[in-house]
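In what follows, chain A forms one complex with chain B and a second complex with chain C.
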Partner chain A sequence: MSATCEFQAKDYKSDLKPIWCPGCGDFSVVQGIYRALAAIGRPPHEIAFVSGIGCSSRIPGYTTAYGFNTIHGRALPIAQGIKLANPDLLVLAAGGDGDGFSIGGGHIAHLVRRNIDITYIVMDNQIYGLTKGQLSPTSQKGRVTCTSRFGSLEQPVNPLLYMLAYGAGFVAQASPTDLVGMAAIIEEAIRFPGFSFVNIQSPCVTYGEEAQQIKGLKAISESLVALGHNPADRLAAMDLAQHYGEKMHLGVFYRNPEPAPTYDGLVRERQALLSKDALPKERILDLFIKK
Partner chain B sequence: MRKDLVFGMAGSGGDGIVSAGDSLLQAAAAEGYHGVMTKSFGSQIRGGESSCRVRISTDPILNPGGNLDVAVALNWDDFLKFGAELPVSGTTVVIYEAATGVAENEIPLVGVTPLQVIAVPIAAMAKETAGTERAKNTVVLGLIAGWFGIGAVAVMKGIRKKLAKKGEELVEANQRAFDAGRAFAMAHPLKASMNIVASETKGDVKLITDGNDMCAAAAIFAGCQFFGGYPITPSTEIMQFFTDHVWKYGGAVLQAEDEIAGIGAAIGASFAGKKAMTATSGPGLSLKGEMMGLASIAELPLVIVDVQRGGPSTGLPTKTEQSDLFAAAFSAHGDVIRPVLAPTSVADTFRITIEAFNIAEYYQTPVIVLSDQEIASRKETMDPIDTTQFKIINRLRPAGADLVDYKRFKQTENHISPISHPGMLGGTYLASGIEHVESGAPTNSGSVHTRMNEKRTRKFDSLKDRKDLFEVTGDPHAPIAMIAWGSVAGVCREALAMAQAEGLNVKLLVPYLLYPVAEGVYNDFFGSVQKGLVIEQTHLAQTFKLLRMHLDLPKGLRSLARSGANPFLPGEIVAALHQLLSELQRSHEGKLQPQE
Partner chain C sequence: MPSKGIDFANLSLMDALDLAILVEDEALVRYEDFAAQMDQHRTPDAAKFFRYMAENEAKHGEQLAVRRAELFGSAPPTVSRALIFDIEAPDFDAARAFMSPRQAMQAALASEVKAHAFFVAALPVLKNAEVKALFEELRDEEILHQDLVKVELAKLPPDSGLSDDDFVDEPAAQ
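Right after this comes the complex of A and B.
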């Protein structure tokens, strides 16, 4: 493994110029990721950064890591294949709220229960931006969009509560309103040994509502540290997570004090345990000999 | 004396019919015979109807055979549910359970008078000798040993081994049931002896396995280190084999939450530099479409096995069909070529699966192995395969100068670009489903899209020259031809031999590479063809249409196509060939007649 402290944030920035709208929250998110990666110090070629489809899913291309901008909703299944094929890699997955909690929603419970050591960053803006402003799974009930002219009829999902309920070992929320804090949270998530989730309230400047812009978010933000929240207390975390949508709690909701074994770690153990039973490959058909 | 016998047995789920078939096949192999066993079930997990067909021969076997020589019905309701899968003819000996109460001259087979019909009190004999009707299948094996000379010693040797852990008492009970069956047969000889001749190769080592296990073993041999999949009949055993073995080779297997995640994880593993595979059946293939498109545009090697069953939708989930050809060739949107290969037997599933990995790795593409339920779940005896004859191809890695200002999708002479993977210093790039320039950076440019489409499709030109992925048998100048693939190819190989024995000048083309269509190979084959048949198990004649889309077919080439679960018999194909010959002769005569 490589030495730390050799890299600076700029070493993770690619030459591709982001095509996000000026003022988009995702600009801050990618900065936070550069800083977190520099703090951790893994060289870019040892990082695989996977995304789905959406504005925020452009993000791997803006880093110098191995990027994979896949298809809508499927960043997590692909990321887990990468991690299982080569557990030495640092694997990041990212995308938007629609990508993660609508079309890709079915995968999350399974990634969490397998506890594959991947960090999943969702840039949550309560809207479908790339398709120009439709209702998203985290849009508030009553929200008016071009596919809900008379107001949304459905309850939003609660990403934080879902993740906690599924059993994720690390659940946090960050915001571009506090870049330093966001970078620290992403770093902590990556360092957590197991599946980790960071929800980032990343405003859409083009289709987002006034209340969800930086000013509005600042007004409802509250630091979990300042609240005196104990991140080892999962039930307290779930209590706080219920305020998703009304309050913006920033910080670590839950960090399992006794991280469970990871799937990728167990795979390695099994490989080591069984490798002695391997027939040489050229003799694999001996398995079918009937005498 | 017979050199070849086809047994078809049916009963209800708990009767142990398939287990009897297994024992018979293994005993035959131990006695030096070649054997093929197919299974067919209703969709119920417990109870329901269950059948197997076992063909045993002194010569290598090409297919599970046509009409039955021996039919065994433990009850008539279940036997009749298999219809054309267990065809009884005038040369069939029918053995059935006397307790059904059906008189020998009143068995419910319409329009056929079997060679001989024998009612046997199978259940009663099982109860009397073993104390339980569950030994019915062992009584049947005793009957077969007595009447047809297969397995007199080897069957019980096998059963003894299988039941050893369950105690001597159970073994002895089975021995008594077996002996009773054999004694019954001896006491009631057939009108005409049907004993099989002794094999000359007794004691030679043989392999016995089915297509799914063979496919998975071939994948591991080819270097596959990751399998992602989801349970679906009739392909699940491939994943099961991986869960038993792949760890030993430093690999991993993931039973994913759905079909999409299964192929997604495999694509991730391939991106990470490992050979990867997924397997599924029709409905799963439909779900994997978008991911297959991603693997094509990101140029990632991947093998997708589709074990075909009757479709569309749930269709006939336990029965074979060849109706996924269009889906294999064309599912997923956009302009894309995705190679499709098809094995024709359990034995050649080994070679074809290795070819699939080699093609996937060389061309950096998803490849579909189009197996079918019959091949996947039938068991074959095989002579040992020399695995050292197979060459393994690995993807082209960037090295040296490639890694200076590395361009993942660099235009090259053969359109294949060196591929890096995470962990490789100097090789970082953005893989994507979005169109990209040579470096991997996204683009919306029409001209780049044209160039990249050209790169991604022209790279397969050399694949179409692979004549070794086609088999031509018979006289190359024959005017009458057959084309068939997959499990149907085996029936046609036998039909070819029969037709030749009857003096017909016929040839057969078996494509292992179905797509892209290798125009040159077909045009060479068509040179002498005046009449012919494309024989396939799809209602819509998908193979015939795929060929017509790419080629000018000879005028006399026709389709012989039917829905799944209605097997072709070698005899009916020979009859169809005779028909073609007489048409040909008539048309020649017509030409010779003077004009009015």
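Right after this comes the complex of A and C.
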């Protein structure tokens, strides 16, 4: 880490102007990320920010970090590749609920079980906003959209339970209704040694339901700290996470008090171990040349 | 109260001035963001008004900064932006696509009312007389700011009574 000088939130803000709909919750999320990164103090060139496709996946472009707006649902595999290629980078991945839990849903289990030191931020708005309001994996049952004219018949995915069940070491939820709290949670997630997940209930002002706008979310929000929740208790976290969609619990659901070794750390260790007996680089080609 | 962990009872004058500067700065940045959003969405009249508000916030922030420098020089601040959220800044979701100047002004008026409420709520907790005097001054200024916006609102032609929804199509079936 080469952070010797202090950074301010504005140091992580790029010149690119967000083109989200005015009032979108993602404006608050990007501000929270600026603040968290400033608190961490890593210079922008030591940060890689990877996203998939969707409104929220535009977010890396609005930061001064290295950004990679990848393909739909593939933020996590690419973020893993970046982290393994250069473990010194601080790697963030971000996207929406559709990108993360539908087309990209299969990648979550493997990232979690590997425990690669990546922070994954999902801006969960329960709708496909960029493509004009289709049902998403976190849309509530009964939700009427242009692809569910008579109401959705599907149960929504519960992102918090997903992550906890897979065994993620850090699972939290935040909201644009509390920017300061959100920034603190993102900071804590980044500082966690291993995979960390932050679900942010970020309202879609254009296609989102009235109850899922800022005022509606404020009405159902409850602080986990105020509830006296112990974030070291995984089962209690799973119990609380079941209320996703009915209540908006804000804070850290689960923080593994004994974080498991990270895959990137184990890879480094193995590389160091094997490198003692490794051939010099200039002789490796000889192995492929028939004598 | 939209603040995190401000110890109002033990707030020093320097900290109070620094907080007030941060409050103005937060509002300035938010109005600038809103103006940029309105520019992006081709709503120049609302953008112009938000820029006007940003200039006002910048002016107030500078005035406070001058006072702070006169009283405390370059003493390093002990309060940070993490202590405040949305005190005078309009809410993130106060912006909307195709905002009329009237809607923009109403959003600004609501934020001035919110700021006034913040200072009113803090006053009974304050113990330092100088801080109390400063907060009373800031509280009264918020009334002046509200009046400023009301003057601008009064200059507008009568409201058409139409809603944005009257001009926006429903999402098309896929």
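Heads up, the rule we're going with is that the second predicted complex is superposed on the first by the 280 of 291 C-alpha atoms of A that agree within 3 Å, B and C clash if a C-alpha of one lies under 4 Å from a C-alpha of the other, contacts with A are read in each partner's own complex, and residues count from 1 in each chain.
Operating definition for what follows: a contact is a pair of C-beta atoms (placed from the backbone, for glycine too) under 8 Å apart; a residue touches a chain by one contact, two chains touch by 3 or more.
All figures in this text were calculated on a predicted structure; none of them were measured in a lab.
> Identify the partner contact of A:T206: answer first if only chain B is touched, second if only chain C is, both if each is, neither if none is.
The second partner, chain C, only.
> Output check: A:L274 vs chain B and chain C. Expected answer is one of first, second, both, neither. What do you get?
first
> Touch test for A:D88: chain B only (first), chain C only (second), both, or neither?
First partner only, chain B.
> Touching A:L285 in the superposition: chain B (first), chain C (second), both, neither?
A:L285: touches chain B, not chain C.
> Chain B or chain C: which reaches more residues on chain A?
Chain A has more residues touched by B than by the other partner.
> Between chain B (first) and chain C (second), which does A:E46 come into contact with in this model arrangement: first, second, both, or neither?
Touch status of A:E46: first partner only.
> Which partner does A:T64 contact after superposing on A: first (chain B), second (chain C), both, neither?
first
> Which stretch or stretches of chain B touch chain A in the complex?
26, 29-30, 205-209, 213-214, 217, 220-221, 223, 225-226, 228, 245, 247-252, 254, 256-258, 260-262, 264-274, 276, 290-291, 293-294, 298, 350, 382, 384-385, 387-388, 420-434, 440-442
> Which positions of chain A touch chain B when the two form their complex?
16, 43-48, 50, 53, 58, 60-61, 64-71, 74, 76-86, 88-89, 106-107, 109-110, 267, 270-271, 273-275, 277-279, 281-285, 287-291
> Show me the residue ranges of chain C that touch chain A in the complex, using the header's touch definition.
For chain C paired with chain A, touching residues are 4, 33-34, 36-41, 81-86, 91-97, 99, 171-174.
> Using the touch rule from the top, collect the residues of chain A that touch chain C in their complex.
Checking each residue of chain A against chain C gives 9, 17-19, 21-23, 25, 27-28, 35, 39, 132-134, 145-147, 149, 176, 178-181, 183-184, 203, 205-207, 213-214.
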